[in-house]
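When the chains are written out, they are named A, B, C and D in that same order, and each has its own residue count from 1.
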Amino acid sequence: MKLFEFEAKKILAEHGIPTPRGALASSPAEALKKSLTLKPPFVVKAQVLVAGRGKAGGIQFATTVEQLSQISGKILEMEIKGLKVERVLIEEKARTKSELYFGIAVDRSRRCYVAIASTAGGMNIEEVAARSPERIIKLSVDPIFGFRNFHATKIASDLGYSGKSMMGLAGIFHRLYRVALEYDAELIEMNPLVETDDEDFVAVDARIIMDDNALYRHPNFRERLFEEKKTELTHEEIRARKAGLAYVKLEGDIGIMGNGAGLVMATLDTVQLHGGKPANFLDVGGGASVDRVAEALKILLSDPRTSVVLINILGGITRCDDVAKGILEAKTKTSSSKPIVIRLVGTNEEEGQRILTQRGIRVLNSMDEAAREAVKVSRKKVS
Amino acid sequence: MESFFSEDMRVLVQGITGTQGRFHTRLMLDYGTNIVAGVTPGKRGGEVHGVPVYDTVEDAVRRNEANASIIFVPAPYAAEAALEAMEAEIKTLVIITEHIPIRDSIEVMSYAEKRGVIVIGPNTPGVIVPVSCKLGIMPAHVFKEGVVGVASRSGTLTYEIAAELSRSGLGQSICLGLGGDPVVGLSFVDVLGMFERDPKTESIVLIGEIGGNAEEQAAEYISSRRYPKPVVAFVAGRTAPRGKRMGHAGAIVMGETGTAESKIDALKSAGVDVAERTSDIPRLLSKSF
Amino acid sequence: MKLFEFEAKKILAEHGIPTPRGALASSPAEALKKSLTLKPPFVVKAQVLVAGRGKAGGIQFATTVEQLSQISGKILEMEIKGLKVERVLIEEKARTKSELYFGIAVDRSRRCYVAIASTAGGMNIEEVAARSPERIIKLSVDPIFGFRNFHATKIASDLGYSGKSMMGLAGIFHRLYRVALEYDAELIEMNPLVETDDEDFVAVDARIIMDDNALYRHPNFRERLFEEKKTELTHEEIRARKAGLAYVKLEGDIGIMGNGAGLVMATLDTVQLHGGKPANFLDVGGGASVDRVAEALKILLSDPRTSVVLINILGGITRCDDVAKGILEAKTKTSSSKPIVIRLVGTNEEEGQRILTQRGIRVLNSMDEAAREAVKVSRKKVS
Amino acid sequence: MESFFSEDMRVLVQGITGTQGRFHTRLMLDYGTNIVAGVTPGKRGGEVHGVPVYDTVEDAVRRNEANASIIFVPAPYAAEAALEAMEAEIKTLVIITEHIPIRDSIEVMSYAEKRGVIVIGPNTPGVIVPVSCKLGIMPAHVFKEGVVGVASRSGTLTYEIAAELSRSGLGQSICLGLGGDPVVGLSFVDVLGMFERDPKTESIVLIGEIGGNAEEQAAEYISSRRYPKPVVAFVAGRTAPRGKRMGHAGAIVMGETGTAESKIDALKSAGVDVAERTSDIPRLLSKSF
């Protein structure tokens, strides 16, 4: 789960990491009022949970409070990558001497956290890693030994700092690691971490992505998973999440559901291979009940972009008869006339297929065949 | 499969009294798996399908000489269960549980490495040696005894492919689910090593998906040591957008990392046949015989 | 540093360990008032930082609020082992089915924490260990792996509990370990931990001794080291502690100071070997300044029980001239005429000895000689 | 003293720029100790008595091949310093610092054990091999080269006894302070083992004190293996009351545990001569020659 920039900064500040002075505003008037306690020049930053807001005009500078108010108004009217800007963060602009990057991420292949630092702050760290790997310092963290003060010191020293600056920087690194653990971050970064003219350090941008699976340890954040305005999710994605379904919205017109993440991904790929365009990814999970299947199908049928729905079920724990009943229920409730292509095999497949064929619904046996069929139907619809 | 699928495997089921644990204990017993004990704290003295239940792994191991464990414990307690098993000298661990926090999995893997324990999962369907032993939750009927080794990051997709193989007369020596999480125990590279040493396995199917770089590492391993057995691969998620989790916690393209293209390219460069459709896999495999 | 029972219980309760309902009172009236929200029968417990308050009458029972008030008054007038009772803890008496012991201590030889449990609760655990070792369960805690839930489960199971009781008990054990770490306890125990008639568990007595060296991590408690009423220390001990001196009050009449804990202990032993009785242990530490030496000597000279003071210095980092100056300063400031026997050798000994002999003060060269001399002087004084 | 006092010891001083570190670096250099580097975070590039200073142990070790370290770092950071040294492959560690929390010491000792590192201290005067090498803060002039091995839980008392020995013509092969804390690295038993293997050491003095049971364990060790070299002991604290800390954090009688009587009785039963007065030690030692 992504946290907003202002939230991440609040957490960092609470843990002793310097952040710029600033305030949150949801109207130009509020921005104006709150800016009175701040010193110009200012920066106004859209609080949205997508990358690339800078390029989209979501970060702008102001030298006077009037200008700040005006810019805030402009940004608050924006929609960035489909997300409406509800709030801006107004801050004092840091007097930048140099920009650093520091973050903690998960290293999947070493199966540990990794601390990443660079003097190329303010840039996309992956691009830096690709283009100038010599500017990146990485340190794998032994999960049991932990990221100690002396590891932080080593990194700060290797970045070229010495004396008081090095000690200050090391302290910030070490505190960020503690935040990462405390908040179960799968990614946490300060980018840029700015060294100011007076040789202090301040986290000018901060990002925290919490591990969804650990949210039971963070009840304050848990409910947010289901609030549209506090996630980067669409309305459909929130609805699916509430039903316990894994759903991702895509650009096409063929609605797709199945059981098992890998199987659904493969279904998407097969559809595309046949020239079709998936409208979504939807995994009903293992052992889905009649109700869950019905809710999943309802979400797909109610999506206006969808011309056809492809259902691909390979029953293991999931029972084909339950799936069939769920399909019927959704069809009845929505009274949608959109065509549905169904592949249904595995546990209780005879019963499941019987339920559907009795109602005149055709059932296919192979994924490939079903994908081809769905693409064919979608082409007819579109043409 | 020498290293962990020995003849004298004596299996413990952690979380045996839960719905899942109970259900799959029945199915595993039916398949012939040698389940000797179960553990659920607070349920000592009970029985599940004739299997005695203990409060602690230590107790269960001491009285039944268990040496492998399969974990059905809910996510908040699963890592703890794994650590308990390792402290009690269990050497093979299958963690079925989904939704374990990454921080917990990292700790488990770190201990496993220090103690030389083989961990399969978490978020795995487990492992099956048709037709002798099953340590997992996969539907047994799709698997057939044979010479193809299968390793996969996905559950249902593995069943799909195993069913295709079985239908085409290509039985399996062993099928392993590595787990759909970002941090898992056994990797493709580990499993390729095991398959190489396993006399029964003649060819290999790797079922990958987006996220991480396990497939790239497998490709590197295959090409660097001129891997001696034929390998066919399938990678799910060509159509997946960036930055979105596709069902599995581990199935996500971050920036430029973990795309299906990158994996497919790497595997092809290593001389691996990569199937476009799951239905192509039997044909590609047969080619290699 | 010892915590009061009521403090330890508060900490336990905050960490989810059940303790009896109760309240603190410093007068019979307050006890009466606070008891109105409690259900009889009651127990009234003196809050003093010494062991054995039960035998001294510091724990008594009451069945009515009137009786409780009366008993509280009686206990509040007590002095237990030299410590005035300032407060009582009034509590609902637990309906005891059985009594357990559970604690976490430091195992010096294994260099780790050790969890100790027994079904012989309410008794001195060391006596139990000596007499019925089979009733004691010990589990060494790997410092890196920690004391996990399953360790707690194992102990609860080995104590003979099963099912829900076992789980509840294990939870309490596990929480106590977390308290131990969080509070840097060198000893923490619940004794007895009572199993009630309705098969719940409640910590009827609790004890926490914090590691003095870790108090910098617990600023709330740190200042207490120097508050007489919040420690078991005497006035002199507090005064010495404030001066950075290690001081322990003893029963005899020969005041003793020296540099280095081992050397001072050996000095005490030698004095006793010669038939003398030490009035105290006082270690000025390494590299003591003139002021520190002077303050140490002043404390000893002002102790009315002291007939003679023995100073035993073997200068390493400590300089004999500094010691000599400190002695002169203390003698001047206190104008005490108590005899002082001095052994002063090591770094700058010529200078140190010269400073004293110039003022007519004799200086000896061996510890044994000095001890014999001090005993001789004390005998003269007493007779 | 083979195991840790090798000829090619290259010593690092952690906390070299502090008052204590600076002062004792001078004295150790004067004594002939081979100090190759110092560490104080934030002081890279400086020098102390000609010894180069680094920010991290790793850096200091890499550039100077240090293999031993002496720590003068203040208590709140001392355990961290010890862990840093161990991670940088330092194999002998003398921790001078007093007042380190027990919890921190426990962690340090646990890592030391896992990594095979010898720890002396904390709260120790260190170790001296008259007249070749000193890794500590003891006043050098009281020690004399010879054949008596001394191990002690106390500082000044060791100087007192070493001075008595030297005056009586009994030089020392090595003097080790084990540390006055409840949790320390080397124990009497460890040191007895080293003394036994050390050809230069002909007889041994153990200087114990109240608290814990290190002396009892030494007695057990001596009697169980019929220890081949004569041992004389002194135990401080016969007059100490229960439950009171006598200066050292470790010098405390808890309940019935750790009394001087218990230790003296155990040692005597093991055939060790226990001196009543420090001044008796030379006589008891001479008896054994």
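Keep this in mind: a residue touches a chain if its C-beta (ideal position, glycine included) is under 8 Å from a C-beta of that chain, and two chains touch if they have at least 3 such contacts.
Predicted, not measured: the structure shown is a model, and the values here were computed from it.
K.L.:
Taking each chain's centre as the mean position of its Cα atoms, how many Å separate chain A from chain B?
P.N.:
27
K.L.:
How many angstrom between the C-alpha centroids of chain C and chain B?
P.N.:
Distance between chain centres, rounded to whole Å: 56 Å.
K.L.:
So how far apart, in whole Å, are chain B and chain D when each is placed at the average of its C-alpha atoms?
P.N.:
Here chain B and chain D have centroids separated by 51 Å.
K.L.:
If I count partner chains per residue in chain C, which residues reach a count of at least 2?
P.N.:
Touching at least two other chains: 144.
K.L.:
Considering chain B alone, which of its residues make contact with at least two other chains?
P.N.:
111
K.L.:
Chain contact topology under the given definition, line, ring, star, complete or other?
P.N.:
Contact map by chain: ring.
K.L.:
Per the touch rule above, enumerate the chain pairs that touch, sorted by label.
P.N.:
A-B, A-D, B-C, C-D
K.L.:
List the residues on chain D that touch chain C in their complex, please.
P.N.:
75-76, 99-107, 109-111, 113-114, 137-139, 152-160, 163, 180, 182-183, 187, 207, 209-214, 217, 234, 236-241, 243-251, 254-257, 260, 276-279
K.L.:
With touch defined as at the start, can you tell me which chain D residues reach chain A in the complex?
P.N.:
41-45, 55-59, 77, 80-81, 83-84, 87, 111
K.L.:
Okay, in this complex, where on chain A does chain B touch?
P.N.:
51, 106, 108-109, 111-113, 124, 126, 130, 142-144, 181, 184, 186, 211-214, 216-217, 246, 248, 250, 258-266, 268-273, 278, 281, 283, 286, 314-317, 346-347, 366-368
K.L.:
Mind listing the chain A positions that touch chain D in their complex?
P.N.:
Result: residues 145, 148-150, 153-154, 157, 162-164, 166-167, 170 of chain A touch chain D.
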